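Got a structure for you, written out below as C-alpha cells; questions coming shortly.
Per-chain residue numbering starts at 1, and chain names A, B and C are given in the order in which the chains are listed.
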Amino acid sequence: MKGVVLSMAPEARLVDITHGVPAQDVSAGAVALAQAAPLYPAGSIHIAVVDPGVGSKQADILVEAGGSFYVGPDNGVLSLATRAPRRIWRIDAPGFRREPVSPTFHGRDVFAPTAARLATGAGPAEAGPPLEAMVELGRPGVQRRGGVVEGEVIHVDAFGNLITSLPAETVAAAPGGELLIEVEGAEGTFEPTFGRTFSDVDPGALIAYVGSGGQLEIARRDGSAARRMGAERGTIVRVRSAS
Amino acid sequence: MKGVVLSMAPEARLVDITHGVPAQDVSAGAVALAQAAPLYPAGSIHIAVVDPGVGSKQADILVEAGGSFYVGPDNGVLSLATRAPRRIWRIDAPGFRREPVSPTFHGRDVFAPTAARLATGAGPAEAGPPLEAMVELGRPGVQRRGGVVEGEVIHVDAFGNLITSLPAETVAAAPGGELLIEVEGAEGTFEPTFGRTFSDVDPGALIAYVGSGGQLEIARRDGSAARRMGAERGTIVRVRSAS
Amino acid sequence: MKGVVLSMAPEARLVDITHGVPAQDVSAGAVALAQAAPLYPAGSIHIAVVDPGVGSKQADILVEAGGSFYVGPDNGVLSLATRAPRRIWRIDAPGFRREPVSPTFHGRDVFAPTAARLATGAGPAEAGPPLEAMVELGRPGVQRRGGVVEGEVIHVDAFGNLITSLPAETVAAAPGGELLIEVEGAEGTFEPTFGRTFSDVDPGALIAYVGSGGQLEIARRDGSAARRMGAERGTIVRVRSAS
C-alpha cells in the first residue's frame, strides 16, 4: 500500500497509526481510528483496512468529516471516527482503482490509489456517487437502572487495560458518597478502586479511572487487568454510588 | 539503521515495509520483498536484513534491477525480488561502510551506509567490484503429472493464509469440469472450495483463490487456514480437474 | 502522539525506533534508546514513553546531551542515553502541554507537544525550570575477583540474544590462554564458545562475542540463547582466563 501511494503521490507523508489491530477485528480497528484521527491535522487522509468482507458486494467508501478524509471498506470501521455532519461517496471511478483489482486486497488496489488521488488534489466527488448512509457500528449501550449505570468493555489495549463504554460523566460526580465500580469478569466480580492514575493504588491492585480518551477505563498497576479478571470485550461494568 | 541513513542522507525518506518476518527466515524475507518492491517507484532503494550468516565469508551485495536498487546479504533474500536483467556488485568500498564494521550487524554498518550513498547520488559501481552471480533461492517446484498439478506452500501470512507456489494459470481454466484442490496438512487432507474471495464461503470454511500476488492461496474465512489444516511452508497442494 | 506532533510541527520528520519494548519495562526502554540515539544526527529530538508512573508526582523532563534532545518521564528511561555533560529541565510551561493533561497519557499531552515545540525552534529553557539531577538507572555492575570478571544480562533482544553488562575490554585480551565464559542460566551453567559472529559455531551451538553495541553478547546460532539456557535479565555471566 505504501508503495502504491508513493508511486502516485511522491510527496505524500506516510504515518503508521497502528499495526496492532487483531486480524479481522473491525470493532477494534474502529476504536483505534476514532481515538487517533481527531489528533491529526485537518486535511489528513486516513486509511483503515480491517476488511474480512473484501471482494464481496460490500462497497468501498470515502468519507469526509471535520475537514479530513477517511478511506476504507463500508463495514463500520470508519463509523466511530466520522461523526455528523459527514459526506459519503462510493469509490468506483477508474482513476481511483488500480486495475485489475484483486478481490482480496482492496487496500492496495482501491484504498491506496484513492488516498493518493486525494493527496494530489482530486476532489472526493470524483471518486464516485454520493451515498446516503454507511454501515454503523452499534455504539455500546449505557443503561441506567435506579442508581446504577451499566456499560461494557469496548476494547482491551496492548497493556491489558480495559476501555469501557461509560463516559467520564458517569463517574464525574458522586455527591454524598463514594463510587462503587464492579467488573463481571470470567474470574469473578471485581471492585477496582476509583482514582486518577495507576500509581494511586498499590502494585498489583486494580484501578478505575477516566482514560485519555474520555471513557472509564480499568487497569491493573504493573500488570494486565484483562488477565487478572478474565475480562474481554463485552464484559459488563457497573458504576453505583456507595452512599 | 534509520539513524545511520539520516545522518548520511538527511533528505532520505524512510519507509518500513515489514518488521514481521520471523527471525532468520531468509525465504520469508525474500517473499515479502518480492511482493512489495515492484509497487514502489523506480529508483527506490530497498534494504533487506534477514542475515543469519552475518560476519561470515558471505558477501554483502548491491543489486540493480528494473531501475531500483536492492541492498542486503548474499544469501538469497534479494533473489526473488530481482529478476533478470540485473547487475550485481559486492559492497566493499570504504565509503560504503561504517568503520569498524560489527561482525553481527551489517545492517547498521554496511547496508544503511550503502543505501545512504546511493540516495545521495553515488553510482552503484562505486560500491565495489561487479559480481557474475549471487545466491538464488530455489523457486519452489510446480510438477505436472497427468491431469494433476502439484505445488507447495511457500509462505504463511499473519492471518494464517497460505500462499502457494502455484501460479494463477494453474486454476485459470478448467473447461468441462470443476477444480479439485487438495491440501496435505498435518491435520489431514483438506479440499477447499475454489472461489474469488473470502466471503464466497461460509464462516469457518476453507477457500482457495488467486491471491493479490498472482498465486493460488488458501484461507479460512474468519480464521486461520494454517492452524485448521496443520499446514506450513512446504505443505503439498494439488490441483486437479474434477471432470 | 504522531498526530499531536504533526498538528503543531507540520514539517517534523517522524521516525519510529521501536515499538518492541515490553510493557512497563523502563530498563529495556533505556537500553534501546541508548543503543539507537547516538546514531541519529545531532539536533534530533528523542521521545521515550515507558511510563508506568505516569500521573504520579514523577516529573516530566527534557534533557539536552551531545547536541540532541531527550523527552520523557523522570524514571530513568532517559538516563542511559544521556551521558554528562548534560542539562535537565522540568517540563511545566503551559505551551509545552496539551490541556487538559490526561493523568494516564503524558506521551500525547506533554512529551509530544514538547518535542513539537523544540522542533519548531523553542529553546529547552522555555519548557520549565532547570533541574540538578534526574533518576538514574543503576548501571549493572562489573565485578572483578581474582582472574574472574562477573557481570549480568542487561537485555534479551527479539532473537533471544543476551546483551551483557560486560564491556568489550573484558574479553579483548587473554594473553597466554583462552577465555572461559560461563552463563548461570535456569537450565544450568553453560560455556559458550568465544568467537566473532554466529557462523563461527555450528547450528544450535552457543557463542559469545562482542556485540554491535560494544558489549559482550551471547547467542545461539539459528535459535534462542535465552530459551536454551533459561537466561533472562539479571542472569550472571562470568569471564575468566583459561590459562
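Observations on the model:
By definition in this document, a residue touches a chain if its C-beta (ideal position, glycine included) is under 8 Å from a C-beta of that chain, and two chains touch if they have at least 3 such contacts.
Worth saying up front: this structure is predicted, and the values here are computed from it rather than measured.
When chain A is laid over chain B using CA atoms, the rotation angle comes to 120 degrees (nearest 5). Interface residue usage between chain B and chain C, two copies of one sequence, is largely distinct: under half of the residue numbers at the contact are used by both copies.
Chain C has its Cα centroid 32 Å from the Cα centroid of chain B.
In chain C, the residues that touch at least two other chains are 16. By the touch criterion stated above, chain A contacts chain C in their complex at residues 15-17, 36-41, 44, 158-159, 196-200, 209, 211-212, 217, 219, 221-222.
Only residues 2-4, 6-7, 10, 14, 16, 23-24, 52-56, 58, 102-105, 108-109 of chain B touch chain C when the two sit together in their complex.
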